[in-house]
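Shown next, in structure tokens, is the structure this report addresses.
In this document, chain identifiers A, B and C correspond to the written order of the chains, with residue numbering beginning at 1 in each.
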Amino acid sequence: MSSININTGILEQVDGSCIFQINSTKIISSVTGPIESSRIKNEIPTRAYLDINIIPEKGVSSTRESLLETKLNKILKPMINLNLYPRQSIQIVIQVLKSGEFRDYSITELSTIVNCVYISLLNSGISLKSSFLSSCCVILQNNEIKLNPTIDDLKSCKSNHIAVFNLKNAKTDELIYCDSLGSFSDDQFFKVLNYCATDIEHNNEFIRKSIANTIEKDYIWKFQ
Amino acid sequence: MTEQTLIIPGDDINISEPTSHMTLGPNILHNIENNNLIPTTSGFLNVQTKKNNTIYYIESNTKRYIPNVNDFVIGTVVGTISENYRVSLNDFSTTVLLNQLAFPNATKKNRPFLKTGDLIYARVLRSDPDLEVELDCIDPTTGKEGGFGLLNGGLNFNVKLAFARYLLFNSNAEILNKLVSKCQFEIAIGVNGKIWLKTDDLKTTIACMTSIQQSQNWSKSEISNKVDAIFKSSGL
Amino acid sequence: MARDFDISTNQSTFVLEALKQNIRLDGRKLLQMRDLDIHISPDEYGYVEVSLGKTKVACRVSSEITKPYEDRPFEGLFQIKSEISPICSPFFESGLTSNSKQSNDELLISRLIEKAIRRSGALDVESLCIIAGEKCWSVRADLQFLDYDGNFTDISCIAVIVALMHYRKPDLEIDGDDIVLFNVDQREPTPLSILHIPICITFQFYNPNGDVENVKGDSNDELILIDSTLLEEKISLGSMTLTLNKNKELCQMIKSGGLNIDASVIMNCCILANKLVDELTDKIQTLLKIDALSRKSGMERELQVVNDR
């Protein structure tokens, strides 16, 4: 069982924010936009520019963070109605508070970041095409699939996987993104995807409840 | 308390009765291929049927304002470009334009002179995502001032957008009624989440501001007591 | 194009007018700090989250073993990272934007913290030496600025010093040429050697009659306040940061430009800062004591396991 802790709208100066903690990984993210592009080269005539920044738990950003930024950009681009905000920027900043894995790996981090940014985006009111959530898992030496891997699992596993699905009526619909590292068979891969999809649906129940709570709190002056 | 349906992106919106017309408000897009409605943010779904028209929109409380025609807004003048003032409606949002002649009875020779940092109450005249947004300070029905223009003195502060809309469109909003019973004040509410407030006394202004800002986290039953407490603690 | 916050003339005149009457928008007195909240992570060492009103900062201290600098063989390494990311406000641009005003602000803050903590010798770097000229500890403090409502300097200084005081580095033993590191379960980790607790207090100056009066006039009625909010910081006419410790030692004083201030006024500021520093130091020390009590030592933990059996 994974323990999830979500805290939404905690930051004052940005439009949307969220702290997402799952097991030993803790991420804070902010979304601001649409705002004026700070540089001319970021003004795209037909759509908004996604300005994504990932700041590591310790030290300065390196190629690892750049890679994560590129991956996140790939995941988010088709999920946001960017064409509604031409020439403007959407600024997404992610600060890793607790990584929960070694720097050689990034799957638990990326999957938490995706979930965290999703809630921040909802909090900021940026127009989305669909809901999306992510999950990650590993295949252990005994071919067992384990969701929410710990540091030790990652070190000893045969392969690690991350999957992002979009959600339609609280059910996983299409696979948005997946990334795997290690050796595994076709069968195992499809099994992994199913595992992730079930995990996402399971987590979604809790996440949806927390979104509902936030919105109710936002409207306390109106309905209570 | 009215029952509200919570909706998030990816949920289906049931088109209950096929009416001849459908009007889509904020946060809903239409998928032409399968005639579905797509919610684009999380919030409360509102469906209103009037005669042959059904209005769908999602009510959500955000911080950043996206200009819409005929909205009343409060902006800060941040500069001038040729014949226009550049006005900012939200921190770091793209600035909008206010023509120097967009005031009642303004002529080339006789027009209001605004400085950087001045606060204005205006109406959104044009908003096209591909063009620059324009404001004006003329009441479209009468052609007169209608309360628009420079806001002098007082203090402005920010609230969340849905709350600002609520205060503007409900003239008997509980918090304002309570404040009316406490003191006299002038108020201007912009749907871009900015409120301008002026009273005769510094302390009263601050107490009013604190009350309005904090009442975003209060339920209706708490308003009276908490406002009293704020006024008491500031010695009024 | 670098954008600043929109601050209307109405706001700035109102705030100044209120300050003249010793009123601040959040109901504080001029020389009153906001509530300081320090949250020490209960399940690890060296991670704290500090908030001062709406301003929020987190700090994480970590360490590793490296080679010391050749010209300083007896000293360990100590670095503070204080990059301000746009997570606390879009005002702080991401990446390297030289020449912009923001990066200057950022530079000022990072230099200030650097001087307050590193150069004042708060951390004894010689104690970080393991084998002279060959092996030493490298300690780094990563500041994470989360939310901005003024006064980043004071809060980040507190965050770094509390995180340093709370941090425990793994214990080690030197066995000939080899270093044996023990993990937390094997041996109780050791705290860093902190020589004193420097604390920054930033004062903001305003002149109710404008800055011309300040230079030409004789009256010394500048308004002074501490722990400014974002709005107050933006309309301030000058600021001064004092770094002091409990021993009444002044570690640094920075006043870069701004209003001319009389020496006697500065002395008064020092006296006031001294009082505040005493209060803050006491608060920090009590918090750390409570935290230490809540953590059981390794021995006790083992005993408990035995008892459970």
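By definition in this document, a residue touches a chain if its C-beta (ideal position, glycine included) is under 8 Å from a C-beta of that chain, and two chains touch if they have at least 3 such contacts.
Note that the coordinates shown come from a computational prediction; the quantities given were computed from them, not determined experimentally.
J.: Keeping to the contact definition above, tell me which chains border both subunit B and subunit C.
T.: A
J.: Can you tell me which chain lies farthest from subunit B, using the average of the Cα atoms as each chain's centre?
T.: C
J.: Which interface, named by its two chains, has the most contact pairs?
T.: A-B
J.: So the centre of each chain is just the mean of its C-alpha atoms; given that, what is the distance between subunit B and subunit C in Å?
T.: That gives a centre separation of 39 Å.
J.: How many angstrom lie between the centres of subunit A and subunit B, each centre taken as the mean Cα position?
T.: Those two chain centres are 32 Å apart.
J.: Mind pulling the subunit A residues that touch 2 or more other chains?
T.: 32, 35-36
J.: For subunit B, write out the residues touching at least two other chains, lowest number first.
T.: Those would be 92.
J.: In subunit C, which residues are in touch with two or more of the other chains?
T.: If we look for residues of subunit C contacting two or more partner chains, we find 3, 90-91.
J.: Going by the contact rule at the top, pick out the subunit A residues touching subunit B in the complex.
T.: My answer: residues 15-16, 32-36, 81, 84-88, 122, 124-131, 166-170, 173, 208, 211-212, 215, 217-224.
J.: For a test of understanding, state which residues of subunit B touch subunit C in their complex under the given definition.
T.: Residues of subunit B touching subunit C: 76, 78, 88, 90-92, 115, 117-119, 151-156, 196, 202-203, 205-206, 209-210, 233-234.
J.: Mind listing the subunit C positions that touch subunit A in their complex?
T.: Its residues touching subunit A are 1-3, 47, 54, 56, 58, 60, 62, 81, 83, 85-91, 93-95, 97, 140, 142, 144, 146-149.
J.: Could you list, by residue number, the parts of subunit B that touch subunit A in their complex?
T.: My answer: residues 1-2, 4, 6, 8-12, 27, 29, 38, 40-44, 60-64, 66, 92-95, 129-130, 160, 162-163, 166, 175, 215-221.
J.: So in the complex, the part of subunit C that touches subunit B is made up of which residues?
T.: Of all residues in subunit C, those touching subunit B are 3, 5-14, 17-18, 21, 23, 25, 27, 90-91.
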